[in-house]
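What follows is a pair of complexes built around chain A, which joins chain B in one and chain C in the other.
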Partner chain A sequence: MAKEFWKKHENLYYAITNKKVIFGLTIFILVILLAIFGPMLTPYEYDEYAGAPYSPPSRQHLFGTNIMGQDVFTMTVYGLRTTLIVGLIAGTIATIIGCVVGFLAGYYGGSWFDEILMSLTNIFVVIPQLALLIILSAFLEVRGIMVMSIIVSATAWPWLARAVRAQTLSLRNQDYVNLSRISSLKVPRILREDIASNMFSYIFMSYILQFNGTMLATVQLEFLGLGPTKGISLGLVMQNAVNWNAIQLGMWWWGIIPGLILTVMITALYFVNTGLDAAFNPRLREM
Partner chain B sequence: MSEQVQNVMSVRNLSKVFKSGVFKPKYTVAVQDVSFDIKPGTIISLIGESGSGKTTIGKLILKLIKPSSGKIYYKGKDIEEIRNKDELKEYYKKVQGIFQDPFATFNPLYRVDRIFDMIYDSFGYDKSNKEERIHQVLQDVNLVPERTLGKFPHQLSGGQLQRLLIARALLMDVDVLIADELISMLDASTRIGVLNLLVELTEKKGMSVIFITHDLNLGYYISDESLIMYKGRLVESGDTKKIYESPVHPYTKMLFNSVPEIGKRWDPEEEFLPEQVIKDVEEFYKENAGKGFAAAGENHYVLYSID
Partner chain C sequence: MARYLSKKILIYAITFFLAVTLNFVIPRMMPGDPIQSLVSRFQIMEGGSEILERQLILLFNLDEPLIVQYFNYWKSIFTGDFGISIMQFPRPVTEIINKAIIYDIILLVPATILSWIVGNKLGAFSGVNKKADNVLMPIFYFLTSSPYFWLAGVVSFFLGVKLGLFPISGAYSVSMVPGFNWPFIVDYFKHWFLPFLSIFLVELGGWAIGMRNMIIYERSSNYSRYMEALGASDKMIRKYGFRNGVLPQVTGLALRIAGIIGGAITVETVFNYPGLGRMMLNSVLNQDYFLLQGIFLAVVVMALVANFLVDIVYMFIDPRVRHSFAGEV
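What follows is the complex of A and B.
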């Protein structure tokens, strides 16, 4: 019974037995758990005076306190939540827009429709991302999580759209698509088995990359003071640390620990990404 | 019309022009004004150099691309009128193809068995003896079922994949088979076996084969009729023996002269000039201006001029 299940879903089997995927996913899940349950582990609020300022990591204050006596651990876990949510929403929006535009342009490749969609995409590609983000963010005085996500995703989708279009174009003309057509396969089945499934791993991995990219872009904006106007975020913690000369004053825990968590999480996702590549592509499997 | 019914397939004034780009479109003429008939139970070979439009004709017949102009009739019926799903299914049940590149013809994510599953799923064949029949056709093409079924395409060689595709075509009882460079990836010993199998099938079951090739020897070995293509046009057609013995068109003549013979080494004195062929063809058309596509003998037609 179990054997049959794995035979049918062998991609899944290869994915969850891949060492890189296991390693990356474990770290990623730990970070997620930290974001979900972290706030329950701390007795403090992120903006209250929690203890003696300037104290290094200890049992009471896991990541130490900052110059105002706020608990860095509390700020980090709350900030992680915001950053993850913005990254997730923005990554999802960017992936959906990228796939829809890319799939349509590829499917109607060579037509006016394709030409218009690609012109639009090219315009977005040459817009300097950071400059647009700064202008957009500065223009909107009140910025919530949703607005942040839309701003970030606006510049994240074009590369995916171009890549998906190119993939669709080449897949559409593959001989195995032709063989399915002369085998009278129904169009939805051709799209599913011949086109989408050959692109699925690519899209899934792009999603991970998008998630990474949007998270970094979010932190970048927050670091420049253009993040959500209310609440706390990883970038904001780091911005404050820099503004208060934390490193020069010897409070390394204030800026370095949140940055390190972000780095570790993004590296873990890259591991998942490369591991999945091997799992999804039979040619990269070791037989 | 009665003539078209007798032929299993008739191609009339078929042309295909590919267009690329929207703002400054570029046009590529792949097939121009091609007409021919296929009688039941015959093998007809389509011979020409790369880019001469052979594969395009195959794809047009398989309804994978639309013709720019001209008609294709299958048993007297214009295939452009086949739009309905069920009609199309009936058409593909009887008209099948084998593509040039066996590696590209298999979806890399699925096991090779999928090509058999697909036809069983869509054409409603009796599934009770499925395994038996598949084993039988695999043995017909010299494959060991245990060593091929259940494998991924990348685990098999080009020749094995090509034979799987031939087996797929054998499994279906087709009227017309379009075989694009069918045995290009097979070794010499298997080749003859597969060719003989094809000839046997045409004789037994009345299947017609359009054998697309650039190999003149193969064309002669297997086909009853030959079509010589040059730059998208049909330049000479008719009885294979007649064309091979007394070619008329300068391109056909050049083609036969350029076949390396067994037992003959290359000669440094001999020069091959592609420009010369173009010149010869132009001159030939000029000399015979006004004649068009005309008979040069019984069942032997030559394109004398393009006007």
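What follows is the complex of A and C.
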């Protein structure tokens, strides 16, 4: 029974037995758990005076306290929540846009429709994301989580659209796609059943990379003070740290630890990504 | 070749056009009343009301129909008139940008090119050496996962505060007078080093990962196997793999430029480095919309020029582009 199952889902078997995937996924889940349960574990609020200012990490204050006596651990876990949510929503939207544009452009490759879509994509590739985001955010006085996600995703999709288009172009002239076409199947169905389903692993891995990218874009915006206007975020914690000269004062627990968690999490996802690549791609499997 | 270039130029022209239009549209679309806040802020400045009037005619001239406003905006762009900064009243925006952009160029060009070269070399090394690969890859992944500003904080903490090797704020010491003399240049490069290093390290990771994967891919391709069968040396196969692997990396360079410029904005904020990035952020915080719009355009133009240069380089190293667009293939 079990053997049957694994035979059918060979890719899944290789995926979950890959060391890199296991390693990366473990770290990723730990960080997610920290974001979900962290706020329940801490006795403080993120904006209240929690203990003596300037204290380095101790048992009472896991990540120490900042210059105002706030608990850095509390700020980090609350901030992590916001940043993760924005990154996740933005990554999802950006993946969907990228795939739709990529499929359509690739399927109609060479036509004027393709030209227009690709020109649009290339324009978005050239414009510096962060500068555009700053301009947009600067004039929007109130920004919630949803607005932030849309802003971030609006500039995150182009590379994926290009990659998906290239893949679609190579699948488009396969015999089975031609067969579907001359059977006069509807285009959405061809795209869904013949093209998308054959690129599933590729899109899934791109989704991970997209999530990494939107997390980084989000945290950069937050760092510049252009994050959600309410509440706290990881970038905001670090912005405060820089503004209050935490680095110069040697308060590494305030200036460095919050970012370290995010960096470690994104690194872990890269591991998952390479691991999956090896699992899905038989050529790399033997390595 | 000409077709390849003209197609690219067309894209860049459209991009520039859109950037200008966006600049024009966004303040008019956004909620809130930027004009009201401008009026109240100019009133407290000396001679503010006349300048305000000129500014409003220049950029917001709201009595005229939208299309006229739009044409006026274009006119002001071609005459290089972006208005007067509020933050550094009464300096013109163009003057501020001209001064700040030099810092960006001296910071970004070496960081981009060096990280590309070193990253490719390290990645190629990692791709053929299993032992080195196991150690280097996690480092590369870590570097490419770091937010620019966070890595900037890390290097300034360890190299600046702990070891005291480099200053961690500003572009030169306050006591220095900018000039073309030796002590100033040394001082300048000491301040330059940490921002440079931050951008360099983050970028390095991405290039190395890309090159490593390319080399592994090329090594398993048919031409490599054929060369191996013919008894070519390992070094020679590697050399050909590298040459093929470099092409996508050059395309990648064009894709990354926008990201690097964005990262530089945050790095400059950490180091209080007086480039366009920090200026842009300051203008947001001070609601200096004229300066903000001017810098946005400057940044876009910077990205366009850089992309164009990469396109030209690509044309020279990839014979297929040269030939296919000349109708030879």
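Everything below uses one rule, namely that the second predicted complex is superposed on the first by the 263 of 287 C-alpha atoms of A that agree within 3 Å, B and C clash if a C-alpha of one lies under 4 Å from a C-alpha of the other, contacts with A are read in each partner's own complex, and residues count from 1 in each chain.
Throughout what follows, a contact is a pair of C-beta atoms (placed from the backbone, for glycine too) under 8 Å apart; a residue touches a chain by one contact, two chains touch by 3 or more.
This structure is a prediction, so every number in the text was calculated from the model and none was measured.
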| item | value |
| --- | --- |
| Partner chain in contact with A:248 - chain B first, chain C second, else both or neither | second |
| Touching partner for A:131 - first (chain B), second (chain C), both, neither | second |
| Which partner, chain B or chain C, touches more chain A residues | C |
| Partner chain in contact with A:139 - chain B first, chain C second, else both or neither | second |
| Shared chain A surface residues [contacts with chain B and with chain C] | 283, 287 |
| Of chain B, residues touching chain A in the complex | 19-23, 59, 62, 64, 88-89, 92-93, 96-97, 99-101, 104-110, 115, 118-119, 121-123, 152, 154-155 |
| Chain C contact footprint on chain A (complex, rising order) | 119, 122-123, 125-132, 134-142, 159, 212, 216-217, 219-220, 223-226, 235, 238, 241-242, 247-248, 250, 252, 255-256, 259-260, 262-264, 266-267, 270-271, 274, 283-284, 287 |
| Chain A contact footprint on chain C (complex, rising order) | 11-12, 14-15, 18-19, 22-23, 26-27, 29-32, 34, 137-138, 141-142, 144-150, 153-154, 156-157, 160-162, 168-169, 216, 220, 254-255, 257-259, 261-263, 265-266, 269-270, 280-281, 284-285, 287, 289, 292-293, 295-296, 299-300, 303-304, 307 |
| Residues of chain A touching chain B in the complex | 110-112, 115, 174-176, 178-186, 193-194, 197-198, 282-283, 287 |
